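Structures for review follow.
In what follows, chain A forms one complex with chain B and a second complex with chain C.
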Partner chain A sequence: MDTLAKLNEVFRDVFEDEDLTVGRETTAKTVAGWDSVMHITLMMSIERAFKLRFNSGEVANLKNVGALADLIDRKKA
Partner chain B sequence: MSRVQALFSFVTENHPRSLKGLEESRAVAPELFDEVAEKFLGWAAKVHGETGYLPRCVDAFAIFSHDVLMSQARYEADGHYENDSFAKCEEAVYGRREVMDDYLWGVFLTNFMWAHHMDITRFYKDRFISKLPSAPKVVELAPGHGGWGVWMLSERPDATLHGYDVSPSSIVIASSVAEAAGVSGRVQYTRRNALDLESMPAGEADAVICSFLIEHLEEPWRLVAVISRLLKPGGRAFLTGALTAAQVDHIYEFRKESELVLLCEQHDLRVLETISVAPQRLLPKARFLPRSMGLLLQRRKSDMW
Partner chain C sequence: MSFIQTDYLLFFAAVCTVYWLLPARRFQNGFLLLGSYVFYGWLNPILCLLLFSVTAVNYLAARSIDSRPQSKDLVLGVTVVLSIVNLCFFKYFGWFSADILPKILSAETASEIQLWNLALPLGLSFYTFHNLAYTIDVYRGSFEVRKDPLDYFLYGSFFPQLVAGPVERASNLLPQLEAPRKFQIAQVASGFELALWGAFKKIALADTIAPYVDLMFQHQSPSWAMVWTGALGFTIQALADFSGYTDIARGSARMLGIELMHNFDHPYMAATPMEFWQRWHMSFSTWLREYVYVPSCFSDWVRRWITIPGTGDWGPFANTSRALLITMMVSGIWHGSTANFLLWGFYYFVIGTLYTWAMTKVPKKMKKQGGWRWITVPVMFSFTVLGMHIFRQPSVEQLLKNLQLSPVDGSLDQWIVSSAMLGLCAYAALPLVAALLAERYLIPRLKETVWWLPVRTTSWAVMAVAVFSSVRTSAADFIYFQF
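Let's look at the complex of A and B:
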């Protein structure tokens, strides 16, 4: 499964929404409930799902899901 | 466009995840929010320039707030703060300009952009600034960005301030904020560990400001002893601290409000008023309630007073 598809599963799980579909351009503006607190839950779930650990600063200012997917790919490479 | 409007549009556009918190914060006390935000952002605009101040400060705020929440999540998992040594924090955080400048501009905005801190901000204005005696000589321990003390100076043209912070970044940033506020003639900042003031002459300050330093220390009681020593009998202090609230440089884990109250009472400080606040939105299934506490203290004149 590619990174984006796997990320989509994590998003569905965290936001408890089976119909949620995220793409590279998706941002917090278009996902209801994606606030700063939810962002932490999301990042911790991504850490578990992808078996990696984000450093401070890496994920604070991510602009969209595409940037998140690229970061994950870089860290897994 | 007012600075508050500019802030809201910048956050909406560039930091949508921080919008909810910003709205919550203004809702706590809209008038006070606008007053403090206009002031603080106005100073930041003078320091960084009209086109650069929002990206400079709000980006730093977003990173700082994110780091705090991330530390809290790791604290929830581990059950203890990640650091236990002041020396390590000084080396990794306070002493490094590239880390500390962002950190301090981020913290600068938390005074009004964290909803629960709006309550502390109101407490400071109504219960501390407004009760200062005439021509007060004030000491600020760990001014960081300088916002608390500079705000007091801007409200009280008869006041003078001496600030002591261990971080070189603090001295530069607080001085620039004071300059922007037009109060630099009445303030002096010195790079010094607050605990080294144990040897200062006793009883010379009318008031002490010490905000969010105590949880950064290995032996917080030494700070309370310093505050008590600096104050004239009858002098007042504004003290704030964090309880079960993690941050990379939080070392001493206060768990209950009474721990801070007791420390003050043990050092000849009357606890006149306290406030304890927590964020409205917490991490799911949180064990710890991350609190910020504010205390208004008065130096006893004697055992019976």
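Let's look at the complex of A and C:
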């Protein structure tokens, strides 16, 4: 399963929405309920799913889901 | 200088007039910088040295982080430690000299040190956080370092937000200070309107109800009804006072062509503790979130040391709860050294964690139903009133006594006093509720009609009359000046 597809599963689980589909251009503005507090829960759930760790700067500086997927790929490489 | 003194009115009128007559941005910024130091040093000019030091340390630290990235961890660490030590020295000196020193030093030496009587300089914690935010952002690479000392020093000491926030971010304020600003009558009128509304909330509402709230909290053996109408009164007073201050700050800045951050977004309409903190003192809540909560979630140090040995990764819920505990305790300690503030911070950690857990058990469909907020908002408001009671009651012993009172107890006199307090609460809350309804339903419809101008100017007149008829000779300080 590629990074984006796995991310999509995490998003569906965190936002409790089985119909949610995220793409590289998806941002916090386009997903209902993706506020600053939910963002932290989301990032922690991603850490768990991908077995990696983010730092504070990485969590704060993401522009969209594409940037998040690229960051995950860099960390897993 | 306080916003509700006549001195401020005269000072601001003079500053605003000269400022808009100056021909270029750099002259305007230089004049605003001078004005900011006059404002801050009005009663005690020596405090300007402290303001200058805090600003200079952060300016130099950010320059150093930018020019020598190899030592940026050390520079940030030293800056954060210096800022915290400086803040704690002034903030807790009174408590330390009165409660701790007599236990570790001779009585004579301890009492000599107590005579220094160092009070917390006005706004120190606000401008410390405000300046520190810039240095941390430069360290993280999320904001570009600024080399022009004039613009940065104005950012560090801009008088409308200097003494009690909003705790600005460099990314919002600095670009505005670096851009040319032109006089626009609509912007000045809007700023005046906001500042007038703020003065109305502070003077006509908060200061009117404040003496009665004080009486309720000072009573040695209050009834249940007195305790909770007093707490309700303080809940309304705190919002009117602090959001009133913020509106004067934001209105003053807007009259100078600068837009400061929102600080309040109808916090008592929140449905959960998390939502409350997204609506109350937003500039400080987001500061805590960005610089305490997020690092507490993701810092290796916290993950390694603040954990139960052998449990490994706690998972998102436990990790965010741990970060919330750290954040709320920092917030509690920041508010003061007395036990009630620590208890207040812990209280918000407990209800925040319980709510977060409980919300995962509620089906999403139910949360989307129209009636959901009709239940959750009043419940959360009740928790807020309890939180305000903990915040306002300095004696934990009295707090515990109050929590054990029975609703059916109380003499006739106490019921009459409580009813009067409830009436005062209604008096102070009514304009706030009316403003909320007007903002949502009336103003958007009126704006495009011929009625807008007469309604707007009449509301100005009503507020001005209320402000000047409510002014007292000894106006109370803003509640948040003590922090």
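We take it that the second predicted complex is superposed on the first by the 77 of 77 C-alpha atoms of A that agree within 3 Å, B and C clash if a C-alpha of one lies under 4 Å from a C-alpha of the other, contacts with A are read in each partner's own complex, and residues count from 1 in each chain.
We adopt the following convention: contacts are C-beta pairs under 8 Å (C-beta built on N, C-alpha and C of every residue); 3 or more make two chains touch, one makes a residue touch a chain.
Quick caveat: nothing in here was measured; it's all calculated off a predicted structure.
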Considering only touches as defined above, state whether A:48 meets chain B (first), chain C (second), both or neither.
second
After the superposition on A, what does A:36 contact: first (chain B), second (chain C), both or neither?
both
Quick check on the superposed pair: does A:27 touch chain B, chain C, both, or neither? Answer first, second, both or neither.
first
With the two complexes superposed on chain A, say which partner A:57 touches: chain B (first), chain C (second), both, or neither.
both
Go through chain A and flag every residue that touches chain B in one model and chain C in the other.
35-37, 40-41, 43-44, 54, 56-57, 59-61
Under the touch definition given earlier, write down the residues of chain C that touch chain A in their complex.
140-142, 274, 278, 286, 289-290, 293-295, 297-300, 303, 313, 315-317, 319-320, 323, 364
Can you list the residues on chain A that touch chain C in the complex?
16-17, 35-37, 40-41, 43-45, 48, 53-57, 59-61
Quick check on the complex: what are the chain A residues that touch chain B?
27-29, 34-41, 43-44, 54, 56-57, 59-61
Could you list, by residue number, the parts of chain B that touch chain A in their complex?
12, 15-21, 59, 62-63, 65-67, 69-70, 72-73, 248, 281-284
